[in-house]
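We just call them A, B, C and D in the order they show up, numbering each chain from 1.
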Amino acid sequence: MSFTTRAQVRFADVDPAGIVFYPRYFEMLNCAVEDWFEQDLGVDFKTMHLEHHIGVPTVRLETEFLAPSSLGDRLDITIAPRQLGRTSCALSIEFAGNGVTRLRAQVVLVCMDLHSKRPIAWPETLRTGIERGLPAPIAPAA
Amino acid sequence: MSFTTRAQVRFADVDPAGIVFYPRYFEMLNCAVEDWFEQDLGVDFKTMHLEHHIGVPTVRLETEFLAPSSLGDRLDITIAPRQLGRTSCALSIEFAGNGVTRLRAQVVLVCMDLHSKRPIAWPETLRTGIERGLPAPIAPAA
Amino acid sequence: MSFTTRAQVRFADVDPAGIVFYPRYFEMLNCAVEDWFEQDLGVDFKTMHLEHHIGVPTVRLETEFLAPSSLGDRLDITIAPRQLGRTSCALSIEFAGNGVTRLRAQVVLVCMDLHSKRPIAWPETLRTGIERGLPAPIAPAA
Amino acid sequence: MSFTTRAQVRFADVDPAGIVFYPRYFEMLNCAVEDWFEQDLGVDFKTMHLEHHIGVPTVRLETEFLAPSSLGDRLDITIAPRQLGRTSCALSIEFAGNGVTRLRAQVVLVCMDLHSKRPIAWPETLRTGIERGLPAPIAPAA
């Protein structure tokens, strides 16, 4: 089960060539991850960072930019967890607009204690939420 | 009649002191102006820039930052046109969240031909839309 | 005595109309203030924020955008303190490139304790540094 | 032969956790590519985009974030071309500061005609410049 949220390509996102300047895609991606935590996993970034002192820095990122996006485009951003480790989580992310995939990204986040700056095990509530989004295991053949 | 739209303070907007880094307020402000043009004046930025070759650069800006905003805050951004010239327009803009005014800005936009890079008279449709939002003239005393 | 530093207009700063998107001027302005603190006032932002727990948020900003800047332009940013209060400081800032003034800004910074989030008196070393840049008082008539 | 340029971690780059917000690394990376084109390949981005109508969008990006960077850090960004195709170019990019590698990226750029929005063969001068930076071919065994 994946999570989908929306973004709109703003004037601030677009370069002199008239298309999204790619670092701005990653700001949108980060907003989508914020939405996922708040709306699907049940913990907003403010509470997580300021009260629980937990951050989720990105440690690995692979992106293919498949088609450009232009000013005003409405984009659907879909987040699907792929793998869940003790302290990390791999996500597949897709941006699409008007039925055209704009980019595909593979992202690895790590659950980090903001005081010690070290990875920690996912808190139970986050672990449960992420697990709910994982692909169903392939059933063993009978 | 003013126009109101919303913004959410994102991780990308917040500085090491935990509050909005002020240049990011102006990105939100520009998004609000985009929303105003599209939803209230009836011309979206893409059409205006790419088909009509008209831009609306900011030529003057005054801002008072009255209270800080934090990660996750939902802000109402209200735009009220104050004065309409042949080629320019003065706006009062307010950001508020949780009943607290965060900033007040006075902005002057100019209607610019993107080819000649010179100010031009507002097209009729924009002029009419902006006029609709102007404060009512003070009635003369009887 | 004013302080001057340089900025270069980067691809990331430029909008679809080919000129600097104005919120990006304020990122450059903030970088110039960082340079001023480090190179002229003798305290870098890292030390000031993380060791002294002092921030210098902008509480007031007035800007006139006089001429556009384009990709690749080299800009001289000049900072001149105008007035020094117990907890605040007013600056005049000018961006110029190729002998043409691009913008003029009047900025008011406040010295803030990052723990209490309240204004505090400028530390002696900052006060002395800012004073050195203030315009000479007008001599009283004989 | 690789090309190295420098960046400084600015207040604008740093998140509430006190470290670089990763989309900002890609703005720095793009600035480094601008420097490489101007200082090493002999064509600045302004001339390339506005006169030659050529852009170099990123079509593929892989990044490992190995160590965080903090406010004030001076980073060396090293660009080494790895492979040169007819219309594309693969780069290895490394950010390092204080002897510690902060991130490693593999980037594929494409040479694009900004009018047709289609890939075109690298112009001779760019091709020659990029070739100069390619790793020496492995000599065949005798």
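Assume a residue touches a chain if its C-beta (ideal position, glycine included) is under 8 Å from a C-beta of that chain, and two chains touch if they have at least 3 such contacts.
Computed from a predicted model, the values in this text were never measured in an experiment.
The chains in contact with chain A as well as with chain D are B, C.
Here chain C and chain D face each other with the same set of residues for the most part; over half of the interface numbers are shared between them. C-beta contact counts were set side by side for A-B and B-D; A-B has more. Chain B and chain D have centres, each the mean of its CA atoms, that are 36 Å apart. Here the CA centre of chain A is 30 Å from the CA centre of chain B. Multi-chain contact residues of chain A (touching two or more other chains) are listed as 11-12, 16, 18, 21, 23, 27, 30, 49-50, 71. Within the complex formed with chain C, the residues of chain B that make contact are 16-17, 19, 21-24, 26-27, 30, 49-50, 55, 57-65, 68, 114, 117. Note for the complex: chain D touches chain C at residues 10-12, 18, 27, 30-31, 34, 44-46, 49-50, 70-72.
Those residues of chain B lying in contact with chain D across their complex are 11-12, 14-16, 18, 21, 23, 71.
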